[in-house]
Amino acid sequence: MTVKIGVIGTGAIGRDHARRINEVLGGAKVVALSDVNRASSEAVKKDIAPDAAIFATGEELIASADVDAVLVTSWGATHEQYVLAAIAAGKPCFCEKPLATTAEGAKRIVDAEVAHGKRLVQVGFMRRYDAGYVALKKTVDTMIGAPIMVHAAHRNPTVPEQYVTPMAIHDTMIHEIDVLRWLLDDDYVSARVLFPRAAARSHAKLRDPQIVILETARGTIIDVEIFVNCHYGYDIQCQVVGEDGIASLPEPMAIQTRLGAKLQNDILTDWKDRFIASYDVELQDFIHAAAKGTASGPNSWDGYVAAITSDACVAAQETDGAAVAIRLPARPALYQ
Amino acid sequence: MTVKIGVIGTGAIGRDHARRINEVLGGAKVVALSDVNRASSEAVKKDIAPDAAIFATGEELIASADVDAVLVTSWGATHEQYVLAAIAAGKPCFCEKPLATTAEGAKRIVDAEVAHGKRLVQVGFMRRYDAGYVALKKTVDTMIGAPIMVHAAHRNPTVPEQYVTPMAIHDTMIHEIDVLRWLLDDDYVSARVLFPRAAARSHAKLRDPQIVILETARGTIIDVEIFVNCHYGYDIQCQVVGEDGIASLPEPMAIQTRLGAKLQNDILTDWKDRFIASYDVELQDFIHAAAKGTASGPNSWDGYVAAITSDACVAAQETDGAAVAIRLPARPALYQ
Amino acid sequence: MTVKIGVIGTGAIGRDHARRINEVLGGAKVVALSDVNRASSEAVKKDIAPDAAIFATGEELIASADVDAVLVTSWGATHEQYVLAAIAAGKPCFCEKPLATTAEGAKRIVDAEVAHGKRLVQVGFMRRYDAGYVALKKTVDTMIGAPIMVHAAHRNPTVPEQYVTPMAIHDTMIHEIDVLRWLLDDDYVSARVLFPRAAARSHAKLRDPQIVILETARGTIIDVEIFVNCHYGYDIQCQVVGEDGIASLPEPMAIQTRLGAKLQNDILTDWKDRFIASYDVELQDFIHAAAKGTASGPNSWDGYVAAITSDACVAAQETDGAAVAIRLPARPALYQ
Amino acid sequence: MTVKIGVIGTGAIGRDHARRINEVLGGAKVVALSDVNRASSEAVKKDIAPDAAIFATGEELIASADVDAVLVTSWGATHEQYVLAAIAAGKPCFCEKPLATTAEGAKRIVDAEVAHGKRLVQVGFMRRYDAGYVALKKTVDTMIGAPIMVHAAHRNPTVPEQYVTPMAIHDTMIHEIDVLRWLLDDDYVSARVLFPRAAARSHAKLRDPQIVILETARGTIIDVEIFVNCHYGYDIQCQVVGEDGIASLPEPMAIQTRLGAKLQNDILTDWKDRFIASYDVELQDFIHAAAKGTASGPNSWDGYVAAITSDACVAAQETDGAAVAIRLPARPALYQ
């Protein structure tokens, strides 16, 4: 069967996902588009999905009998309403991060999905589909003994002036928050944030870099360097220290050259290149599950826990290195 | 549009390509199957392509009005007849290597395609679609100056007793023959083969390893170590030395561990894992071109040149290190 | 001139230094030996320094007119008395770490040397002479911009039962305390210690691993993983993150092999192998300075600061992650 | 005892060895100097060896009762006469390469040393003392099974106009000729040379690069890329392929940085830096043996075999890829 997909929000990421579905992946077709800016949907229809219908609102798109499953790639503040509508309609829904802009909003989605009784939501945490993280998880699970520490870094060459200190958590660290929890199969119990002196390239409203330290329920300590104006490149590092040894995330594939007295290879500079292949895999996973009327991969609970953890990290930016507790409600059976 | 594909030869590789088309890639569908062993086609129909018709012969499959394009994944000795039939029918045709079992057979395909006047054939030289080789070619073309030497190795852990010395060329080196010609955008003018003492794991009818040395029209010298019983792993190496510097093919992605007093990562042992991703890319390229009624990627001429070059290398296995000349006819305009 | 050296303490390290002086390095000769265990000195005389006189006490050795300079390689608790005696005699003195077993003791040495008015003491912090750290310092000083963070690790395969939690600072972390201060040319202002769950191989009186976080006067934050039962090897890591980029300590030289489906090289397992070459360099530096009647390299003040910092780190092992301030007196002009 | 050394030839390398003996190494002292340019010896006396006597000729220096052992670091054409004189005097003699400028000259030295009945000569093949080659030999001898192939490269950034094609063998490849024979513990039986098109930076009288292929008595095939105008750096590579796996010479120690979108480290550009540490070790070995009245390390026979092999390689530069046989006389018992 071919899954008929409606895309809500046809900006950069929505357009790119539409291209994936219609040109790269098998088993699905974009049949409906909606955006507050109708011209944006018209353009996607023209360039990528000529057979798609254009809907005035996301709610109408979700309600259409022609739509089997929904992609929510609109502005973050609208995610919650569309995901709730999709759940109400019983339709599988892929939602880009954040699932909601508040932990309470995410909780409402969890509650709705639990009430529905079946998984319908996949959150767009694409790193879980990255070949490097997948291989790392396999190694961590089988070769190095139980994890004790994680040393990670999320470095980005530059951010604009409007990027302020809490965004280092909500927009940047959010990926580590989800993927490390998945990697360790563990939950967080506390967060600390340490600030070295701010880098010279930092901004008036941004303290950059920062070191976020998370502790898990099993006592693993994770340190994550977040450095969003690091200048030299987009660089994601992750090293897991276990009882018996250490495993590290691979560097992205690159050609090594010997040139001008340097042995070297390129480091990526654009975040969009780093996990590009994982977007294909996550969306294929969504299509496969949607064909069966359900959802797979990162779930609403994961989105909710990420929201709670992010809030604790932001709170910890203000406590001068003291730990902020992270407390989660009981995990519903749907997400065990 | 969806390209309707018929698969001739539904053994391991044909079955796997059918899976790719129906489950992984977009834009095509398997509608017809044929195999000398009908049960094999029945199994693919059952597991992968429920809507496909089964044909008694490849020729009937090619003739079917329901079939837009053909995959030739049958036994090598039958490739030529099916490719010629597909050209006669004016249908795009993907043919696994070898294009034909003799240079003369490949020449007949070239002639038929030239007479047809439009490209219809893609040969299954998948390395050209490997992300590592693609990146290497880009680096060679732009960063290291004109190539002067290539040092390459094709190492395989073990081969069975029936693998004899010439197969090191026809079955193994054939990939380097095509991909290095593409990488350098050059033609070969001579081949030498040097034999070190045979490895202890070699067989009665196999002199292993061997070093094949090719010279190109522009004077680049290529040495390729072919070692098919190297024991330790499946390992493909390629280093290009240019006027200004050197570029090397990347190692496959692997998790580095620190364990038991070793800093290490896995080396692949099964050739099927090394270029697995490139099969998806090559077949997607075929589908895209077939949708336009033509073919892309490695062409009949490439298949013919590979056959001529292989024959020269095999001849050079008997000349005690003396160079054997490689002479090509003029390249038809269709392949310029 | 040949510097005539007396060695106080002829156990493993004293004996090895005697061998260096008499068999490897130029410009010095061992002329005197002393040890509480006279048989130990007799053995060194027999095997390495046949012309050396044996003295009943370190004080007598120091007083001998035949002795130009002194090596203090005795039991740590005796270092202070011998170093003070050497200063009193106006003789250059190389003292293995610790300079004294308490910060107060180290301060008495500083005061005595300042009163003497000229440098006479070199402390055995050999890492400053390691080719890797020397190259790292040069890179940090010239290429990566001002340092902002340091990520370091000190991993050791196993320690005996009598190794207790504070020893992770006094015996292990002490090397990072000195070498990172030298590397950054900065002073520490606070220390924190975080404990993940203890590793399964830890002992009853040892919480292992631990993460020590130091902050410097310029606001650089340093995290050091101390893991003394890490099992897999002796592994020293150091990465400096600067305004413009990152520099890392090289791995020790090792042969990379491709064997048994692994691309690998050995990791050291014995700490004695890691900095073996730096012992030669540090002692040669001592000899060169001693020939001029003075001392070079890590000085008494460095030893004193290391003692104060160690004490703060040990205190921080008890504060549940809260920062412990590190306060230093004004640095005497002799050590500017 | 202190070995009293006379240095014949006080140009760059002689001066540097004098410095080693007097300032770095233990167990020896420069007591005599001689050079055709007396001012050169005066300068070394002034700067490095104030107690040394200056002799008008090398022969007088060798004859001096004050001289225990001799360093021959004069112009290559004079090596033979001084080495023969040292043997006649029964004095240990370290001779920089070449041992003699002709194979016949080297044979006369072998004959004289055999007649003397005891080893007195060490040839300055310093690579055997390089820590990387020493570790590689240990790995080759114990871990990878019997060697079957060696892939090596000797790359140099630039050479002057007067460097002509045969010098690529006599001055450059000579190091691989000796060190690979030692590494494999095998003898050469033939040489081939292949020339790719000449690099654009090559000279009128220099065909650069070239690929020299040596075969050994046990059937190992060695390919060595010699590229003396490679532009990018001074780069020595060596990979040994054995029955069970592969071992590679380590890269020189270098700081890896992440800077400006590059993961990189420096490649050396000056050959003098590459083996600098091995000069210390080889000369220390000479001193230790000379103290016992004999010599160690690379011997006269090694120098003679290197000369014969070099001659064969130069002959092979003219045979258009055909093999030139290398025939050695029986090895005298002194060198077994």
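In this document, chain identifiers A, B, C and D correspond to the written order of the chains, with residue numbering beginning at 1 in each.
Rule of thumb we're sticking to: contacts are C-beta pairs under 8 Å (C-beta built on N, C-alpha and C of every residue); 3 or more make two chains touch, one makes a residue touch a chain.
Predicted, not measured: the structure shown is a model, and the values here were computed from it.
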With chain centres set to the mean of the C-alpha atoms, which chain is at the far end from chain B? C
Among the chain pairs B-D, A-D or C-D, which one reproduces the interface of A-C, with more than half of its contact pairs identical by residue number? B-D
How far is the middle of chain B from the middle of chain C, if each middle is the mean of its Cα atoms, in Å? 59
As a quick test, compute the distance in whole Å between the mean CA positions of chain B and chain D. 45
Calculate how many whole Å lie between the centre of chain A and the centre of chain B, each centre taken as the average of the chain's C-alpha atoms. 38
Which parts of chain A, given as residue numbers and ranges, touch two or more other chains? 232, 244-246, 254, 258-260
Contact footprint of chain B on chain A as seen in their complex: 21-27, 131-132, 135-136, 138-139, 143-144, 244-250, 253-260, 284
In the complex, chain D residues that touch chain B: 145-146, 148-149, 151, 192, 194-197, 199-201, 209, 211, 213, 215, 218-221, 223, 225, 227, 230-232, 241, 243-246, 321-323
Listed in rising order, chain A residues that touch chain D in their complex are 157, 232-233, 235, 251, 254, 258-269
